[in-house]
Each structure stands twice: as structure tokens, then as C-alpha cells.
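Here's a structure for you.
Just so it is clear, A, B and C label the chains in written order, and each chain counts residues from 1 on its own.
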Amino acid sequence: MTLYEKSVAGRSAFSFGFEEDRAAAEACVPEFARATVKPLPQISELDLVRHFTNLARTNYGVDTGFYPLGSCTMKYNPKINERMAADPRLTVRHPLDDATDNQGVLQMEFELKESLQEITGMDDFTLQPACGAHGELTGMLIIHAYMRDHDAKRTKVLIPDSAHGTNPASASMAGFQVVTVPSNERGGVDMDALDKLMDDTVAAIMLTNPNTVGLFEENITQIAELVHARGGLLYYDGANLNALMGLIRPGDLGFDVVHLNLHKTFATPHGGGGPGAAPVGVKKFLADYLPIPVVVCRDGQYTFDENRPHTIGRMSGFYGNTAVLARAYVYIKMMGRDGLLATSRAAVINANYVKALLSPYFPPAYDRPVMHETVLSAKGYDKYGVTLLDISKRLMDYGYHPPTIYFPHFPPYAEEVMMVEPTESESKETMDLFCDALIKISQEAKENPDLLLSAPHDTVVTRVNETYAARHLVTSHRDKKGT
Amino acid sequence: MQSIERNRFSFIPATGDEQQAMLQKIGLQFDDIVKCFAGNSCVEGGLHLPDGLTEDQMVEYWDTMMSRNSGPRKASLLGAGAYMHFIPAVVPHLASLPGFITAYTPYQPEISQGTLQSLFEFQSFMVELTDMELANCSMYDGASSTAEALLMAHRVKKADRVLVAATVNPNYLATVRTYLEPHGIAVDVVRMNDGGRVSMEDLESQLSASACSAVLVQSPNYLGIIEDLGAIGTTVHAHDALFVESFTEAMALGLLKYGVGNGADIVVGDGQSLGLSMSFGGPHLGVFATLKKYNRDFPGRIVGESIDTKGRQAFVMTLRAREQDIRREKATSNICSNHALNALTAAVFLGSVGESGFRALACENVAKLQKLISGLEATGHFTRVFKQSSVFNEAVVASSIAPEDMRSRLAGVPVFPPLALARGVVPETQGMPHTYLVCATEMLKDSLLEQVLGALS
Amino acid sequence: MKIQNDARYAKSDEWVRVEGGVAFVGVSDYAQGKLGDVVFVGDISVGSTLKAGDVLTSVESVKAASDVYTPVSGKVLEVNHEVTAKPELLNSDAFGAGWLAKIELSNPDELNGLMSATDYAEYRKE
């Protein structure tokens, strides 16, 4: 039941020291007040608490259990981060207040920026973008503006077929024409195809490395040389940086622009779909293109630099998701140099371990060691009449969140693949139990496929009908009432 | 690679022995796995970062750093896109339940009903408050949401030109320009009239000049003034453009008229005032509402009500074919992660204050600003600019007090000082060369107001 | 997979069937099967003139979206409003009640460039 369905006229959880004086307020705005009062539910405070507490209980989160959602890096979100981000000295700061009154927040942002520069090997950063796709758009707008100033005929962007959908969408939103680069038989970029496509109309190539199937791009040096030699730039989608910290840096690999997903690699909570934060780093020659303002330190004073002559402008109203940045900052401070390295090392070992346990039942497409995640196939199970979707739903009965399924789309991954990313947060026992569950489900598929077809059984709702939702659109309480 | 000391990092459970056992099962050493880096420069000698801090060290470090901020502040005379409102205790409590914050995008509806239903409730509230037919489950903030609205209008109408009121928040305008620039869409500014509102003459003449995909107007506008949205809507529709209404102060939704009644095609704005702290700029909450006829054109995610296999009420993401993971470069936007948790927070806030509370809050904001202005005018150092135009909780005042003086006078009062406007933004007032955008919310208690007025007298 | 014998087919899985100089256009049963439950069929403007290969409309299922291209050139004479109102017709009867538009052929020779039912069956053999 929704809050509207629980509403009782006259109830309220409102407790402020004033009463509504509508007549006086309307007298101040005579011609513009609402003619009718729009209804909101009327709920007592305890009812409200029970409503949302019970809703939260129907949700599966990292704090509930293993959440191996590939490419999303569902690692543990340290609680200390939450405490720091809730500090009123951070939350009660107005973004337009004078920099001299906000030296603490600005120091935090500046130190975060410096850490990210070191981790990625980039020269400057903006902390403004709100999440991965926003970071991609920021980065691609920087490239667009740079090319407009230097080589305006470069209107295309190359994107591997393994890329996440946000890459082509962001490139297109930044005004580029998207050209897809096929993958080779080892899961990397097809170099012959790249050689043919990389001409003087191409502004950049967007790469995720390790890519969405968890493989490090073996030919990255050759790709970087080829693209740079022909006048293009390299964009690094940092969605999967969790595999590389302290091992190798995108800046050293030749990337010109990177974005990072702080809600993935740097342990800020995913919030049921956001907010995240996605700082964008650039090499020196692009630093003047960063969105304004940029946090800088001058003579020991932290301040905002608005003087970026070629700036792309602004990506949002203020300076980025500061409360999210704070969480990532705390995480990086606590992990330190060795901790970040240990993180990537553990993430890589865990992914390969899960791959080793599951390969006999769900074969990987390539017999190569993976980085932070592994893509496994459930194609063989169609002969029992079950699909990967059924297997995933059955995993819920065992108490797990399913991996990312039906992605990526390129051959030989076209169908029935799951992308498993355990992250460094998980213990060996957790992964053992998860793999046991999947192996058991693979047995069930043979012996009792109905168990999978009707799964999940133990959740608050059974399978939800997406077709029904799309054909009978109800997206608000008002639609339900039919008014 | 040296082996990792046991239990040195509390967020990584694996011990050195366990990792050895796992590597044995894998059949490789760690160095074999990272052989794929071959030929590339690895980080030699480790990153140049300090050693990690323990939790207690972290708290101390943080404390020292944050004590460099001035404060604390009990109210804000500073608005301009971020507002200091009261946040009931129940709001952060419920919005930070681990089931909500440690989940991700509800791709698996059977174990995500909590997120999905909360977002559906948020959408319902936004539909009511904006008086539109359909609201998505969040964008990043008001500025980016406004920019996306204009991109959507361009997809629908295809004319490479939009009109933006000069009275729109300058950071919103800058964001709009950034988003539209690569598409070659001209952003033309509609002049302000003597009342601090959109000039209807200029609007009419610019609309007549050449085809336009959309007209963007903000209300209350950057100067705090309530625009005549109904009249603007009529003019815009006479010229076959989409009418985009924007707001920076969601509290105004409790009193002012938005949406279909004004002829709006899209209503966008910032929901930070709905239970979210300012947090030095974010995360805020982008609101995006439109009409059903545009249900294939709008950006962002949306939740729909459906049924499960047993016919029970269940929620699920719907209208997905617009999105980047399905339509890639042809998607209506690249947005993927959004500000879902903040939408949920807004739903809790609105559920908490309820119908009467939200209206009362909106009215109280109007009353507080009136009190502040009359108090300021009584000091003799201030006079309101655009006196004839209605305002919500922000207004422009001219003053004889210079910004540096203003800051030092208010230094002992626990409020954020008001925004000093640059010269030329509003017409000059004789004898009062400085102008400020002042804001008052329910947080400006009478005793605090007295302190403010005392400091400025 | 159902195949309609008196229709001709495009590689992008549209069919065209001519009745008295007027072409009925739709998507094949194979294509609807690949799409899954169709939930939306986009508007088609009556009176517009299209070239073969132009986008006629788009169709959506819950997991995919796909443009539909007209296999023949000509003017759109009529649109099947029943299928826009009830997109499930595309799943249940792709060749019959699920037709999308009637087009006045401006170049009937184009039909020869399309596949016959037999060729299409071979082309889409699983």
C-alpha cells in the first residue's frame, strides 16, 4: 500500500512552531497562488516510520548480503563514511558562502582531487559531475570543445561493442557521431577494424579498461599510439578502476580524459540508483577546458578558480555532490597507499576464484585470467527449458542478489551471460556459499526446472509483470485514481 | 608482489593464507594474472599517497579539518539555488536505512520493492505538486534537469533555437548553454522588464522572429520574483513552442501554481528543499515532470505499478526503451544512475510534513521574507527593489552597506550573509549602490531576525 | 516461425503485401518473436511520402526498441490505429491484424528487390 492509500484526513507528522496562515501568504502573492490545494497524504509519524522501515526491509542491499552485480562494484560501504558525511559542519554549508568561511570543506575537496590525480596519473580534476554518465558527458564535452578549437572536422567517436550503453549515449549527447568498433576473438578491441576506422574525422575513442567482460585491454599501448598518431584522444571510462589501483594508471597508459565512479571504486553507497559522484581528470593540455569552478590551493588558502579560459561552462548548479565526495575522501584516507593496492589485488583474486569455481558449470567465453569480474555463460541450460533469467530469480531464494545478466551484448556473449563481480569486500566463505548455490541451481535446472521457472518463491512479491506495467501505464497515484 | 599482512585492512576480509588458497584453486600466482599488463608501465614503488588511517585517527583528522569552517549557522539569508530549511529527524533516519542506501538500481524488482515503491510515491507527489501528468524518479539537480528539458523540447520540436528568460538563475543558464552548445542550438535570452519579470513584448517579438523549440522561464526567478506563468504559457503556445517552467525553490510548490494550468509542457526544478541538506552544493535532487503525450521523449527512469504472478500489487521500472542501456546513442538521455535516494528522501519529507504541513511551510516562508524586508527597510539602510512584484522567500534589496561591511557586521550572527549581486544585474537605487538577493525561510526565528537587524542597524 | 506466402520481405524483417496497387506493410512474425511482448507502436503520419529504407515507425518491447523501415517507397495512405492502441496485436497476428500502414507504391519494381517467402524462410532459419 502506498502512503496515499494509508492516508487519514486530519493526521500529521508535522510539528513546527507556527500555523498555516494561508490568507496572509496569498495576500502577498495574490494572482499566483494555486486555485486548488494539491493533496499530499496525511500520515502520523509512527505510521510513516513503519511504512518506510518495512519498505526498506523488502530491499536487498550490500548490508543484506552478497551483491555480485557485475560492473557496479557493490563493495562494502564503511559506516564511518556516513558519519563524516552527516557532520553538520559539512551538511550545513551553503555552496555560495565565501570560500574563506569554508576552508575545511575546500581542503577536503582539494585533497581528494590530489589523491585522484595520483591514483589515475592525471594532471587536473573537476569534482562537479554527479555520476558516471554525467562524468562521461563532461569528459566528452571537453573533447568536443577541444576539437572545435583545434580540428573541427573530427566529429566521430569510436566505441567498442563491449561498452556500457552510457558511452554511446554520452558521446551522442556531446554532439558526436558514434561509430562502433568490433571486438576480436580474445575479447579486446579488433586492431584491424580500429586501423580502418581511425581516420581524421575521429575525435576520440572511449575505452573501459578492464572492459565490461573483466579483461584488461592487451593492446592498450598500440591503441594509444595509433589513436594519438592519427590525431585522436583517448577517453577512459573508470567504471572498472577497482581492478587497477596501485598497479597501473590510466594516465600512464596514454589516456587524456578519465572519469571515475566514486560510488563504485571508492565505496560510497549506491542509494538504490544514486546519487554517486564522478570526478573527471584530464591531462594538462585540457585543464583549461574543465567546467568551472575548479577547487585550487593558493598560498595555503583553498578557493575556487573560475578562470579557465576555454571552459565548457557548468555541468550543474553548484560544485558537485560534496557529501558523496566526502565519503570517498574518507575511504581513500583510511585505505592509504597500501590499502588501495590490497583492494585491487583482492578484487582480482576474488573474481578469478569465483570464475575457477563456476567455470565447470557456467563456462567463461574466453579462457583468460580476468581482472575484477568474470562473464560466464548459462547457454547450455536452455535444453532443460530454463533461461538465465530463471537461474537469476532462483538465486534470490538462496538469499543472493543475482549478477548482472544479459550484458554485454556482443558475440560470443550475445545471449545468456552473467557478469559476476564479487569485489574485495567478500570473504572466501561467502563466495564458496554463493558458488555452491549456483551449482545447486544448475542441478535443479536438470532435475526440477519448474523450481526455477516459478522462482523466486521467498520474496515479498513473485515475478513482476513488466509487460503489464508497460501496457497499462500507472506511474503515479493520480493514474490509479484515473483522474 | 609481497603478500598482504593478515587483517591489516578492515574492509578486506581475506587473510594472506586464504588468498593463497584461492590462488591455488585458480592455478595461478597473482603476477601471472597481471601479466596482461605486459609492456605497460606499472606503478613502481607504490602510489605517492600517505599510509592509511585507522578509524579513530580518521575522526581526529576530519575534526581538525572541519573546524576550519566557520560556523555554526542557524539560518541563511543566502539562497540563490540552495536553501536552508528545517529537516525533521524522521527524514534522515528513514532515508538512511541500510536497505535503501546499500542497494543499487532496482533491476530485480522482486528484491527491490522498497526502492521501487518509494520512487513511485515520489513520482506521485511530484505529479501533484507540479500539476503535471508524469514525473520521472529524479535527475541530478535543478540545473541539469532544466538543461535536459530543453534538449527534450529540441527532440520534440526540432527547431535549433530556444528562448531563456534573463531572470533565470545564472548557474542554470550556464548549464543550459553547456548542454546545448554541441548541438548547435541557439540560446537566446528574453529581456527582463522594469518589474524584474520576463518582458512580454520581448518574448512576443523573439517568438515571432524565428521558430523556437522551447521557452524557459523560472519562477520564483533569480531575483525572487514570481513570474506570470499563465500569461507566458499562452504566448508560448501561440507560437508552437514548448513551455518549460523551472524552479529552484521546491518549497514554492506548496503555494504557487505550476503545470498544466499555465500551459506548461515540462516542469523542472530542484528538490533540495524537500528534506535534503545543502551540503555545500550536493547532492541535490532534479525534478522532471511532463505530459503523457511525451512519454517516449522524456529523460530518466520511471517506476510503474504492475502485478506479480499472483496478481499482487508490485512496482517495476517501465518505459525502459528510451534509456541508454537499450537504445545506446539513440537514447533520450545518457542518464543512468540518478539521485534516487534523494527522491526517496523527498518522499519521506513530504510524507512527514503532509498536506497541511507543506502548505504551512510555504506560507511561513512568504511571511518570514516579508518580516525580514520590513525589518531591513526600517533600519534605513535598505530598500526593496521591484517593490510592486510578488515574491516568495527571496527578494532583491538595495543597500548603503557594502558587501565587506555586510559580512563583518553579520560575523557575530549565526546566519549565512546574503548574496551580493554584481553591478548591473538590477537597476540602481539612488543612494543605495549595493544590491543583495536576500532569502528568509522558516529557520529565521524572530530572535535570530532581531540579531540580524541589530547587526545591520 | 510463421511465414506469409504472398508477402515479400526485407532483410530488416519487414513484410509487404500488395492488394490492388496498395501495399500493406508490417513486421514479420520472426521479428515480433525476437522483440518479445510489444508494448508500444509509434505514430506514423498519414500523407507522408517515404523512400524505401526510411524509418516508418518504431516498436518497443520491455527489453528492446527497434526502428521499422518501409521496404517500399510511396505515400502513406492509412495507418492501423488498432495496433497503436493494442500493440499486442503485433505479437498475436503480425501478418494480419498487426499490419502497420498502407502505402501507395511509387515504384512497384522495388518489390523485385525484396525476398520471397521461401528466401526469407531460409534467411531466418534458426
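We take it that a residue touches a chain if its C-beta (ideal position, glycine included) is under 8 Å from a C-beta of that chain, and two chains touch if they have at least 3 such contacts.
None of these values were measured; they are calculated from a predicted model.
Visitor: Starting from the Cα centroid of subunit B, hunt down the chain whose centroid lies farthest away.
Guide: C
Visitor: So, comparing each chain's Cα centre against the centre of all protein Cα atoms, which one is closest?
Guide: Going by the distance between chain centres and the overall C-alpha centre, it is A.
Visitor: Counting only Cα atoms for the centres, state how far subunit A is from subunit B in Å.
Guide: Taking the mean C-alpha position of each chain, the two centres sit 19 Å apart.
Visitor: For subunit A versus subunit C, what separation do you get between their C-alpha means, in angstrom?
Guide: 38
Visitor: Nearest whole angstrom, what separates the Cα centre of subunit B from the Cα centre of subunit C?
Guide: 44
Visitor: Subunit A: which residues touch two or more other chains?
Guide: Residues 466, 469-470.
Visitor: Using the touch definition from the top, which residues of subunit B touch two or more other chains?
Guide: Those would be 318, 326-327, 330.
Visitor: For subunit C, give me the residues that contact two or more of the other chains.
Guide: Counting only residues that touch two or more other chains, subunit C contributes 40, 60-63.
Visitor: Note which residues of subunit A are touching subunit C in the complex, please.
Guide: Within the complex, subunit A touches subunit C at residues 406, 466-467, 469-471.
Visitor: Enumerate the contact residues on subunit C facing subunit A in the complex.
Guide: Residues 37, 39-40, 60-63, 87-88 of subunit C touch subunit A in their complex.
Visitor: Could you please specify the touching residues of subunit B with respect to subunit C in the complex?
Guide: For this pair, the touching residues of subunit B are 296, 318, 320-322, 326-327, 330.
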